[in-house]
Structure formats: structure tokens, C-alpha cells
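Listed after this line are the structures, all set down as C-alpha cells.
Both complexes shown next keep chain A, but they swap its partner, so chain B is in the first and chain C is in the second.
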Partner chain A sequence: MPKMTGAYNDNDATDEMAEDTTNSSVEPAPDAHDSDTVNATPGAIENGSAMVNASDASAAGSGSGAISTSGSSTDPSLNAHVKHVRGAGAVSRADSRDSIHRRGTVRSGGGVRGVRQGVIWTIFAIVVVVAMIFVITFAKQQAPKVKPAGKPADTVTIGLKLAPTNLDIRNQSGSSLDQALIGNVYEGLVARSVDNKVVPAIAKSWVRTPDGKSYIFHLNDGMSFSNGDKLDASDVVWSIDELMRNGYQGADTLLNFKSITAVDERTVRLDLTAPYADLLWVLAGRPGLVLDKDGKVDMKTQALGSGPYTVAKYVPNSSLTLKANDRYWAATKPATQTIVLRYFSDDNAAVNALKSGAIQVLAPIDQRLVSPFKKDTDHYVVASGDDTDKYVLAMNCAGEKTSDRRVRQAIRYAINHRELIASRGGADKPLGGPIPSLDPGYEDLNDVYPYNPDKARELMRQAGYTPAHPLELRLTYANIYGTELGDQLRSQLKAVGIDLKVNVVEFSTWLQDVLKNHDYDLSLVDHNESHDFASWANPKYYYNYDNRDVQLLYGQAMVSLNDKDRDDYLRRAARRVSEDAPADWLFNYRITTAMEKGVVGFPLNLNQTLLPLSLVKYTPLV
Partner chain B sequence: MRFLIRRLVSFAVALLGLSVVIFAALRILPGDVAVVMAGLNSPPGRVAQLRAEMGLNRPLPQQYIDWMAGLLTGDYGKSMLTGQSVTSMVVERASITFPLIIFGLLIASAVGLGLGVAASLATGNGVRTFFRVFGIVGGSIPALWGGLLLVLLFARGVGLIGLFPSQGFPQEGWGSPGAAFASLVLPALTVGLIDGASLMRYTRSALADVMHNGCMIEAMACGYTRAQALIHVGLRVIVPQLVSVAGLMFANMVTGVMVIENLFALPGVGSGLIADLGDRDLIAVQSELFMLAAFFLLVGLFVDVLHRVLDPRLRRSSEGRM
Partner chain C sequence: MAQHDMLPAETVHDGRLGISDVVAGSCQADAVGPAGAEGSPQGRDSSPRPALHTPDEPVSLKGLGKLAVVLRSMWSQGEGRFALVVLACWIVVSLASIVWTPKKLWETDGYHVWAPPSADHLLGTDGTGADVFSWLMAGARTNLLIAILSVMLAGVVGVTLLMAMVSRSKMVSAISVVAVDALISIPTVLIALILAVPMGASIAVIILACGVGYGLNLARIARPQALLAAGSDYAVSARASGASGGYVLFRHVLPNSLPSIMVQLSLSAGTAILAESGLTYLGVGVPSGVPSWGHSLSTSVKLIDVYPLTVVWPGLTVTVVVVALNLFGDVLRQAIDPIVNTALRKVAA
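And then the complex of A and B:
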């Protein structure tokens, strides 16, 4: 599955904003503005007005000269008046003291008295702030939570992280779109189950010819789209023809495609030029989606499918409201009438929403914010599910320094995966190779390069580097993954003689520099796609990994006629890739979901790419 | 009149210059919306195909001219990603941000002017101290942290006293005014209290300056008490300065409340702009930036004109020069 901007299920992916929040809520704040407080105290007023004048002046650049004119025109006359008034002795004592005090401190840059006062103010401010924090923390612990009794709710609101930028499932990449729409609004010829196997959907059964080159799909009876249009073989044929003709998202994964024809109203025949072991799985994703050939909707803002839900309202980057489809053809109707998907870019905001009951489910929840929900077992359920997210530390195989296999191997030996995972909350799994446990061909490859800094140092020495003369490498990754991972890698690699320069960029910059232009030494990204081994068999991909054996093994896997052979070839290819060390797989991310106790039917596995909602039901606790 | 014309011409020139700067600056940014749309695993041809579809492979001057032609006819273009017209996107976001700012500014003025005057009038050492502390502490709290504190105190379900919702804007928007208003209370309070503290410091210092102005002395000589003179005469004198401060504050807030919008999960102008920029949706971003810049300049223009209305001295001085 291709994906897009920030389409990464990173629960740790704090943008800098979120991180700021955590820090300031944990540590009493004044540290940051200590100096501000001290300086500001005596001269606060002058500073204040100076600032205003400055901004006036900058505004004057755009034409508002009058503002500063008025400031300067009043000043001299003011001073004149002050002198005049003093001479006449007509000023009240408080006033003159005030003006002398102000002038004194400002002119002398803060005398002894000013300094002492500054210190007092600082202490005072700190005390106030600390007191506030204490009051809030202690009072919070006693705040009881009372829930009303009730029957199943009509509306369930689900908090998610990455929002789809538009609803155009044919053109816009991104797993958040698959997550929201596939299986809910759109249905495919076949579908994926929560353990990542192919199950029937619009086709109730299928057979493959013995040569593996043709598939016959038998469709369900009496199907219709949510606008009432009939769904039959002609829609299936039209959808896949359009996909191939226009090269929509995923068209390139439908390999060996020859033709698709309607045998009759309820039977479709798909022909291939050569067997393709992943065909059914590919059809469970975007390429297999069946759209209404007569439907006329703006694909970017609306969605017309045959699934259990329809799109009621879509606010880009904010929320998507789904309503049950009254015309849904299957026997099982959706359990909840309205489901609202809300997107939170700020992790703290998301957690607050769950606490306040604005959402009933939050997936993913930030590992560092999860503990209050874990403790409160009376009201919340927290669970982690398996996923196919691979945090790939790619090492440019064609790079000037990283083309040396010893350097790449040293990096793999030098990384302490257990430590990385522990610091992220411990939910993730170590992953020694390119295939995660939910995908075919998985094998535990963690023993290929176990953590061994001595071996790493030895390899680096052979390559000509020591901690005294370190190798300088640049790590480029997107800011959605937070800065911690880069910092940890830097310190782990420093121990073996690598000086890592961490370059955290915007995701679109990463796409341009690394993915498109292959301009990097090391890169870190979360590849969440399932069945994506093909990228290791593609020498033009940004890994620049070119191994003939791997390409042949993968090719053989894809023409296998049974799953056992396919899995066997993939396993061998994956081991080979891992041994060549074109990348290190930092961990296999596992998604953590927190929900209120009355929620049932919410899938835990894979729920960032595949989120069937028709079973989700929420009964508020008694 | 001549002033107004001169001012309008400089406004137009500034806008034109800005449009060039915005357009050029965005093209220098690394990244490409087509790459963003195509995602990680698409074939290379796909990006080129998308670029052609979106007209990104045309020469830059032509893209700029097309954009400007659209602007002149009031067509701000369509977002490449969402397909919505930029105008409707901005209007939708502004319907959250502007009420938030206005609400916040009202709170800020109430707090700032009220306490500023009170601080100038206060004679007791303790009271003066209190005001000074308020000004400093309030003015130096980072908005994000202040907002979090308010959430912990007043947010429904999270806070000590669960009064207001702290997350998001109601689905119906202003269709349910009560809920919409309630969702803006905490964010507006955050903005209002923090900006109110700076406004208070400003009011206080401006009033202190004006305290020794001749008109104040005259007013007192005519029998006003100090308080009366300050409120009836002093305030009147500093109003032009306050207007420019408030005007700039208002303009700054349009993007400045972005942090607040993120914290309270409000889909407003600032957070929308950041999201679009992250996606390299350049047509949307450049039109949004242009609108913001135009708005900023308009506020400046308005403040300038208002200034002359409020301050007779300015009018006289420029008439004299003529």
C-alpha cells in the first residue's frame, strides 16, 4: 500500500509542539523565562513600550508610518512637561517617586536595589507557579469519574492521528484513507481480515485455473451502491479497467494483468499473463475496490461505495462523519448508526479528548501518556495489536561511505534495539529483517546481527575508522517521528566510532531528498505497508539495494502456485537481505489503542490501515 | 484625502510585492505536492503524471501569471489536495479563528484596560506590587502552557471544575451556537489573559507617561480629581496608541493563535496553513498567505486611518505640511 504525508502510524511521533507540552507540564515552567522575569521586573514598562514601538516601526515598513510619528511627536513635549511640572512642584509624591524610580533603574541598567528586587520577583514567580501545579495535581487525583447508565450509544467517536487530506481513493496515497474508507464506505472484490488474510467481500467465492493464470470470481446476490444503483459484474470490470487505464494508486501492484471480463451478471473472470501469488491480496486493497460506473460524485470531497457506511460530512484534516448505509446489501447491518472519526495532530489534545469523553476510542495513543488509562482499569481498556509497520533505518547502498558493507554491518551490530524499544514504552517488537510477523515469509531474524558493540568497533576499524577518527554520517528523517530516536541512535553509534549528524526535516522534504533524489547516508522512515518486500527487489528504490539473488528469489515467490512455496522463497530472500545489511530494522511498531470500557468490536491489529467499523458498539458504563 | 490615496497606493504596491515574494519563496522550498500525493511506493512515472495533471510542469512565470489573473478576478484557486476552493477553505477556518480572536481581544481589552487604569490609580505599595506581578507573570507565560493550565482547571472531564469543553469544535459548527461558543471559551481565555497582561503593562506605562502631560494638569487645575482626570482626559490621549497596539495584536493573532488552535484541536486558519504547507499544497498555501498578508496590511491601513480620526494633531501637522 502506498502512503503519503505523515501516513505513518507512529505513536511516538511527537511534533516539536507536543514535546514542548510534555516538558512544560512536567517541569515547573519558570526555567525558560527566568531571565525574562529578572530583567523585566525593573524595566518592564520600558521594555514593554520599546517592544511596541519596535513593532510599530516594522509595521511602518508596510506603510503605517503614522504610528511611529505619533509616538515620537508626543515624547519631547512630554519631557518638557515633566520638567515644567517639577519646577512648579505640582506633582504628587507618589508620581514623582514612580518616575524617578523608573528612570533610575532604566538608565543605570539596574542598581543594587533593582537586582535584589529582581531576585525577589523571580522567587515569587516560581513559588506561585509551583503552588499552582501542586494544587492542580493533588486535586486532580481525587476527582471522581461518574458515568451515566445507558443503552448502546447512537454515535461513537474515534480519535485517530493522521487525517486523509482528501477522499480521492483513486489518486491520493496514504494509509489513513484506506483506514477510513476501505471496508466501511468502499468494498473490494475481496477483503483483508484482521490477521491479514484474504476473505470474501463482493465476491463470495473464487477459483483459480491450474496454470495460475486465470481467476473466476462469483459475486454475491442483490448488491447495490449506497445511492441505490445496482452493483454487478459490469461495475467490477469497469472499476479495474479504469484503474489500469488511468494508472490510479495501486495499479502498479496489479502485476501481470491481462484482462478482466464479465462472464455473466454475477461472474467475473480475471486473466493474467503469468501467475501472480499476491493477486488476491492486492485485490483486497485499493486495486480491487468496486466503484459505481454510473456514480457522479466529486471524489475529493465525497465517496460513493457499496459498504456499510456512507460519508455524511468531511472536514479536511479534522473529522470524517460516517452514517450507516440504509441500503447496505449484506445481512449484517452496522452496529452503530453514526461513527465520527476525529483526527488529532497533538497527542496531548487527543488524550484530553479521551479523558473528557469527547472520544471513546483513541488509536494510537502515545506510549508516554498511556499510564493513567492503564491504571484506571475500571473505566478504560488499553491493548496493543500487531501491525506491519517497520521502522527502517536505510543505509544508502550506493552512498559514498555506506556502500562499504562493513560500515553497514557495524551499524547493525551497534544498535541496541531492546533499549530503543524500552524507551518507547516497550510495546514494540524487535525485527531483524524486512518481513514483519503478519506478512507471508516471516522468520525471526534477530540473531543475524545481535547487539555487539565490540564486533561493531572491530568492523569499523577494518574499514579505517576509530572513535578517535570517527566516520561522519548524516541521518535524514521526518519530524513526525520526534527527535528522540535520532538522539538515541547518535549516542549508540558514537560508541563504535560513528559521528552521526541528525537532520530532522519536514516529511515533504524527506520525500524529495531521500525518496526521490536518493540524497542521503542514513534515512529513517516507518514503512507501514504490508506485503511490500518488492521494494528490496527493486534496485531503483531509494535503498539503492541491488542483489540479483534477492530479485530472482522474489520473482520465484511471486510466480509460485501455492502458499508454501511462496513463503519459502520469501523467507530465503528476506534472510539474504538482512545479511547484506542494506538497512537496520529498528523495530516492528505495534499499535496501542485505549478505549472506554463499554466499547466492543474495535479491531486492535492493523487498525491504522484497516479499520472495519461495522461491529463497533459502545454501551456507556452503569 | 491625499493621505488616503497615498496610503492606498502603497497598499497596492505592497500587495504586489508580497505576491511575488510569496510565490518565489514557496517555489524554493524543497518538496513537491505530487510526490506527497503519490506516496512511498508508486512508480516514478506516477509523479510526472500527477504533475502534468495539476499543471505543475508549466514554466514558473506562467504559473505566477495564471495565479495573479485568478486573484484579480477573485478566484483564489483550488487546493491541489482537497479539491476545495481556497476561499471556502479559508472562510470555513476563519469562522473559527476570527470569533476566537475577537473574543480573546475583548477579554484582553477588558483585562488590560481595566487593570491598567486601576494600576495607574493605585497608590498602595501592596496593590501596585500585585499589578506588577500580574503584568509580569501573565505576560511571560507561554501560551501553550497557560492553555494547559486552563484545561487542567476548567475543562470538562479533565479539569478540577469541569465547566467547558476543551477539545475541538462542534460538528455542526455555528449551527449549534451554544456548543460552538462554549468550545471557544477556554482558548479565548488563554489568549485574552496573556495578551491582556501585556496590554495592561502597556496601558499603565502609557498612562504614567501622560500623567505629566499639560492637559492632565489643566484638567486637575479645573477641579478634576486625579482619577477623573486620568479616566476622562488621560485615556482619551492614549487611545490612538492603544488602537495601534490592539490593531497589531489582532493582526498578529490570526496566525499567532495557531498554538492555541492546536492545543484545543480547533481547525482554524493557523493550523490549517501549517497542514497545507506540510503537504506542499502550494496553490492553497500561496493564496492563504496572500489573504493573510492582505489582511495584515488592511489592519495597518485601518489603524492608520483611525489614528487620524482619533488624533487631531496628526491631521493638523500633515495639513500644515501641505
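And then the complex of A and C:
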């Protein structure tokens, strides 16, 4: 018997040592997995943008194009979370080791229960303390900061979301490039105003011939590029000829193009094969840009134009520095000498940059992250501007179940748009049809299918569906829009007897399955393009919407000789589309911009595609 | 040999009837276990002494008594009590959520999103206006399922590999050791991302990735101990007396590796829950609309700056459960170890 006890004690010692080392050798494996999870996060999440050019599917595939508020990565917060969890893991480890040693004492000296309960309380206390530190840290960050007194700043830094891949405006798609360069570095024959109307730029005026097939543009006097080269009619002609000959970005939107000629040094004539009502608006974008025919620069990293700014420095995916162009030809000079555009793919990082004063303006800011700035009216201004982003819930018109018009109508009646908008922060606008308020032909169509679940249920009954035999539909959309919209739609449609299976996929999967193969019941995507009604007149587009009347009306709109006729035709076509319910327009996304008090002249409307900066000025608060 | 195959239980039982020397012998063989698990058994003078049988016993009435003893000794320790209480709550909540949650899971309310805790919503609401408490309750059962299935798969994969690794065939053991060493370098997350390509986001991805990944770990960690047992004198004697390879494996090798397998499995359960959160955040885990703690975390973690409380609840749940699982493994290992747990010896004797 004594021998046995001895043996046990001996084993105990070995046991304890072994256990200690076991713990340290066993742990690294799960830990390694932890760190993998964290490291993998940024790369996997930051996969860019999700916009679809209605007119150009391949442009959408290229990955850049616009903004979504919902999809974003949140590395800092995730890291924080993992640290939090891992902290607790460490506690358990230390604790278990502790307990092993204590077990020795307990066994020899009898049970000390209080100590063990203390351990549990310690775990709880640590967890609670960590939680409190969280709360306090975030509360602290809102503390006011001291600002230097002074006059207008020489440099204004602006935070944006999507970075251009390179600066080649002729070959690189993506609205971030339009946003940064058009109106700042490059100028077009004409330009767009903040309410999406055509205004003079290089051409000070223009005349359209009565048949609508020819346009005469009169150019401004004494224009030059930022390198000193003279800008005249020959540069305009060369730029548009090059565009059409080489098929640069936007060439496919310049329809019915026949020829462009220089009448004299300050007059240009553009001829069309047939009238094209959107011509001027198109020329205000990339197709109308005027480049220096004698300029020799590397288009990917530099930009040479006639605008108020020049590119001083370009760091891909990070920042673009613009400097005022000393030789700018127009009377109004830029208000700020240097403007830095900084790109944040991570929403939280962007918000922190605004809080710390690293940037003065942030556009867009996630509506859900905006409340601290809204409350701090002493230091910040928060405002929303109109945009042409349409969140389109497309219902496959050739789909097995959704080809039934009653089903599509029921879905439109079943969706409570105001609730969706409220949950997103309330800045967005309801949209009842395919044309947003900044586009020609807009009309408030929200009364076509107002929220009415009873009517929806009645339509579902007529279509042959009952609670015992509900309709099953699948909704396919890209993960960058977040899971909330899908969850809400499922909840709202469940109320009228539709079982919605939400399939959140990679954006590339959406492009393949929905846009290319038309394999879907319901799809959700943000169509951000302006003047994109053409997609409803195209039966081959993924909507599978084929209505002869709509196609005729759109055709008439495009050949109409004045804007009023065009708008009338578009309005009628849009109403027709809305009534047929090939889709539901969840809302018209509006851009929210947050800026420090003291920033003026920053455009709010459309600032993700068009961001003229020459009026931006920042006077730090005293 | 035929005799062994036909009457294994009886043979063991005969051994059981032996004197205290036998018990001491078996205990010592067992005590080598942790040293083996450490991975460097050479450094210690711990060659196992011969044993006539394993400490394990076929399930019988005594088995139930043993279970009670094990539970009681776990309960008597603070960590064990904490682990048992948390795990019991977890199971009860999971079962309850099947029939009842305070609010319907699909109920959303766009006018009351990110609401702070109130009488109506115990833990507030999330970004769709759904009840966080209900989602956490329902998430408990998804996570329970994931933990159980991952651990089962890890056990099957791990034990299979373990058997290959300690096989007497040089080729099989060499190949499997190299294979495990190579495969163990692939992170679980990577396995999941690869699996997600054909399978999409699904619970099966998590279970497969965790099961395989942790199974490899298990085999790697239990191998030294299993090797010791396989090379021990009692295993050699068993074989000499005509026992088949399978008999030696299941009678001697596995039971001797059991303590480290147990710890590793319970650690795996905890890690599987962490992995679920991580993978769901990456979009390859639990699909949208299926409640899980990872889902609750990933939908709210983006807004931790603005609504920190909403993130804290699922985070706290995961933390507490994972801590409980880790403690559970630790305490269980002690409780089923007849050397440490004197009460168990009494039942066994």
C-alpha cells in the first residue's frame, strides 16, 4: 500500500509537467487557425464594386463603377473582435494551467471551493471589463478636437471609396475615373451641371439644325492646355475622330455618328446619320473630352487636359493629388491650390480618417455610420444629394413562375419601400419606375403599386397560390449589398405567402448567372447609370422584358427633335414599364456626404460620377 | 486468435478479477499518456510497464456508475461546474428554440433597427429590425449542430489517420505520417474557401473543413502516445499471444490515447465555433437567412463603432461557450483519468 501511494505521487508530478507542456503544444494549432481567419479577411472582402452599366455589361465586369453603401469590409472591428475572443482564450489557458497547480494543493490540503468560484468570477469579470472597454473607447472617440485657427487652407483632402485602376481615361472603364478627372483635369465640349443638365464648357454655345442631324459648336477664345499648347477646333476634331476610330471608352454611346469637321479655328460641326436626342448629354461625358493632339504623356499615370487642375501625384489605389493649373484659360480660378483625393475601401477606416481630421470631406459615408457626425453639429455638416442609383429588384419576365404578371404585381404591392428606406437611415427616396429624378422623363410613379399587402394576397390567390401551397422563389444578389435587404424582403414577402430563398453570391457569380445566363427568379442590383432607360427597350437584356410599345416609345424619344418631346415619350414609356412590373424599384439611392464645418463648394448631387472641385474651399474653424 | 475474437470481453473480464498489482500496472501505462501527447517521449524515462488489459471497460451497469462519478468529479471543480452549466444551457436553449423563440425569426421591422435592449426586445434589434435574442437562441442550435458534427468528423478522420500512422506496415505509417505533416500545413480557412467554390456557402463547408482540419491535428497530436502504446510490452505480448492487429488497436492503442484525443476533440468543438464565425464573416460559412452566432456577429460587426452593444451579445455568447468547451475538455480529461480521479478507481475496482 505505501508503495502504491508513492507511485501515485510520482505520477502526479509527471502528470502535471506533462499537462503543462501539453497545453502549450496543443494550443498553437487552433491559434494558427484564428490568425488565418483574420489575415484572410481583408483580401477576401475587399473585392471592389458592384455596379452595372445598363448599356454595357462588360464594363460592369471590369469591377469598378460606383459605390454601394452596404458592402464593406471592417478590418479594425473584426480584429478587435478576434482579439476579444482570443483574449478570453488566453484567460482559459492561463486559468487551466493555474488550476492544475492548484489541484495539487487542493488534493493534499482538502477542498478550497471559494478559490474555484473565484476563478469563474474572474472569467466573467474579464469578459465584462473587455465589453466595457469597448463601449468606453467608442464613446471617447467622439470627444471634440482642437482645430487650428486660420484662413482658407491650401490643401483640402477628400475621402472617396472606389479608386481608379489607372488614369487612362480612353481605355479604362469605371466611374471613379470620370469622378476624379472630368471637369477637373479634362474638359469636354460640353459639361454636366449638378442637376444632370448640359451646360457650356469648351463650347460656349451650339446650334442644332432643324432636321436634328447636325450640330454647330462655337468654341471659347484663348484656350490652352496645361502644358501651354493652344486648344482650338483641330484638337476637338482630332479627339472625337480618335475616339471613334479606336473605339475608346464611351464610343459606343455616341450613336448615329457620321463625321466631325472644323469649320474654322473656333467652330466645329458634328454630323449624324439620324437625330439622336441624347447627343449633348453623351458629349458631356467621356466621348466629348478634348485632349491635346500634340501632347505626349503616359496616359496610365498622367493626365494632360485643359481643366482647372493638373495631376501632381498618383498613387494607385491610394490617392490622387491635384494641383491648380496656373495656365487655366477660364476667368474663374480654382479656389484651393491643392486637392488630395484619398481612397478608402474600408468604411470604418474612412470614418476614422474624418474623425481624426486626416480628411475634411467623406463621400459617400455609410448612412448607418453617420449618426455621430449628425449629432456633432458644431464640427460637421452632413448632407445627402440626389443620384441616379436605382436598386432594381428584377423579376425574370421569362421565368417559370415570374412570367405570371399577377405574381410580379403581387410582389410590388407586398414591398414596403418606406420601411426599407427607414431601416437604411432614411436618406434614400422611393422610386416607382425606371427613371430617377435626375434623368429626363422622370415622373413620380409611386402610386402605380402602393404598399398594399391585402391586394398582394388577393393577386397571389388568383394566380393559384395558397398558404398551403405557397410560391417559392429564389432571390440572387451580390454579397456587397449586405444580407439585410434579402432578409427584409423575405420577411415582407412571407406576409403575402411567398417563400423567398435568398441566395447571396459573389458579384462574379451574379454576373455569370443573372446578367449573362438569365438564370434567376428575382435579382437585386444597383443600376447606377444615368440615362439608362435603353435596357428596358432591349429584350435581350437580363430582365427578359419584351414590350413592343415601350421599344417604339423609346425609339421615338431618341429621334425627337426637342427635349420636351423626348421627355414626354420617355415618361410614357416609363409608366408603361412600371405598370407591367418587370421589376420593383426598391429605392433611389442618395449619396450622403459628411464634411467638416468650414468646407464649402463641395457638390452633393451625383458626386460619385461627377465631382468638379474648382469651387471647393476649406476654412478651418477657429 | 479465434478465441480472442470470439470472447474478447470475457478475456478482459478475467483480467479484471486480478489483484491490485494489476490496477497499479494499468495506471502506470496510462500515466505515460500525457507525456506522449507532448510529442517528445524520448526525453523521459517512461517505458510503459506490462499490463494485462486496458483501463477501459466495456459498457455495462458499471459504465453508468462511472459516468455518474465522472460527472460528479467534474461538478466538484469550479471550471467543470462552469463548463457543465454553460453546455447544459446551450443544449436546453437549442432545443427550446426549435419550438419557441420570443419573436418570430423572420419578423423584421425597418422602423426599429439597431434598437437598444428593451422589454420588447431583450437584447435589442439588428440591422433589419429582427430580435437579436431570438436569433441568438436559434443560432445556438446551428452552432450545436456544427460543433457536434465537426467533432464527430474530426474524431473519425483523426482516429483513422492515427491507426494508419501507428500501423505496423512501414509503408503505410511512413506515407500517412508524411501525408498528415503535409496536409496539416493547409489552414482550415483555405480548405473552407476551396470547398466553397463548388458547394457555395453552406454548413457542410464548415463541418468538412473543420472536421478534416482538426482530424489531422488530432492524429498528429495523439500519435506519440499511440506509438508508445503500440510499442509497449503489453501490446507486444498481446500480439505474441495471437491477438489481431485490430484487436490491439482497439483494446490497447486507442484507449491509451483517449485522454489526449478527448482534450483535442473538445478544443476542436470550441475552435469549430470560432471557425463558424470567421467563415460566415467571409461569406463561405452559414448561408444568409440561417441563424447562427457567426451570422449575428458578421451582420453587426461592421457597425461596431456606432452600435457596439449589438456586437457584444453574439461576441459574448461565443466567448462564454468556447471558454466552457475548453474548460470542459480539460476537466473531463482529469475526471476520466483514474490516476487523478480516485473515486473512479473505486468504481472500477
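FYI, the second predicted complex is superposed on the first by the 481 of 622 C-alpha atoms of A that agree within 3 Å, B and C clash if a C-alpha of one lies under 4 Å from a C-alpha of the other, contacts with A are read in each partner's own complex, and residues count from 1 in each chain.
FYI, a contact is a pair of C-beta atoms (placed from the backbone, for glycine too) under 8 Å apart; a residue touches a chain by one contact, two chains touch by 3 or more.
Predicted model, so just to flag it, every value in this text is computed and none were measured.
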First, second, both or neither for A:Gly247, with chain B first and chain C second: first
Chain B versus chain C as contact partner of A:Glu419, first or second or both or neither: second
Which superposed partner A:Ala274 touches (first chain B, second chain C, both, neither): neither
Touching partner for A:Ser319 - first (chain B), second (chain C), both, neither: first
Which superposed partner A:Ala398 touches (first chain B, second chain C, both, neither): neither
Which superposed partner A:Thr483 touches (first chain B, second chain C, both, neither): second
Contacts of A:Val502 with chain B and chain C, given as first, second, both or neither: second
Chain A residues touched - chain C or chain B, whichever exceeds: B
Which of chain B and chain C A:Ile123 touches, first, second, both or neither: second
Touched partner set for A:Leu561, first chain B, second chain C, both or neither: neither
Contacts on chain A seen with chain B and repeated with chain C across the two complexes: 4, 7, 21, 25, 29, 32-33, 36-37, 40-41, 44-45, 74, 77-78, 81, 84-85, 91-92, 95, 99, 348, 506
For the chain A and chain C complex, residues of the former touching the latter: 4, 7-8, 11-12, 14-15, 18-19, 21-22, 25-26, 29-30, 32-34, 36-38, 40-41, 44-45, 72, 74, 77-78, 80-81, 84-85, 88-89, 91-93, 95-96, 99, 103, 111, 113, 115-120, 123, 127, 131, 134-135, 138, 141, 347-348, 351, 368-369, 371-372, 416, 418-423, 479, 482-484, 486-488, 490-492, 494, 501-506
In the complex with chain B, residue positions of chain A that touch it: 1-7, 17, 20-21, 24-25, 29, 32-33, 36-37, 40-41, 44-46, 48-49, 52, 55-56, 59, 62-64, 66-67, 69-71, 73-74, 77-78, 81-82, 84-85, 90-92, 94-95, 98-99, 102, 121, 124-125, 128-129, 132, 136, 139-140, 143, 165-166, 168, 171-174, 247, 249, 252-253, 298, 300-301, 313, 315-319, 321, 340, 342, 344-346, 348-350, 352-353, 355-358, 506-509, 511-513, 515-516, 525, 527, 529, 532, 534-535, 540
Interfacial residue positions of chain C with respect to chain A in the complex: 20, 24, 27-28, 31, 33-35, 37-39, 44, 46, 76-79, 81-82, 106-111, 113-114, 127-130, 187-190, 193, 200-201, 213, 217, 221, 260, 263-264, 267-268, 270-271, 274-275, 278-279, 281-283, 287-289, 295, 297, 299, 301-306, 308-309, 311-312, 315-316, 318-320, 322-323, 326-327, 330, 334, 337, 339-340
Contacting residues of chain B [partner chain A, same complex]: 7, 10-11, 14, 29-33, 35-47, 49-50, 81-84, 89, 92, 123, 132-133, 135-137, 139-142, 144-145, 148-149, 151-153, 155-158, 160, 162, 165-169, 171, 198, 201-202, 204-206, 208-214, 217, 226, 240-241, 244-245, 248, 259, 262-265, 267, 271-272, 275, 278-281, 296-297, 300-301, 303-304, 307-308, 311, 313-314, 317
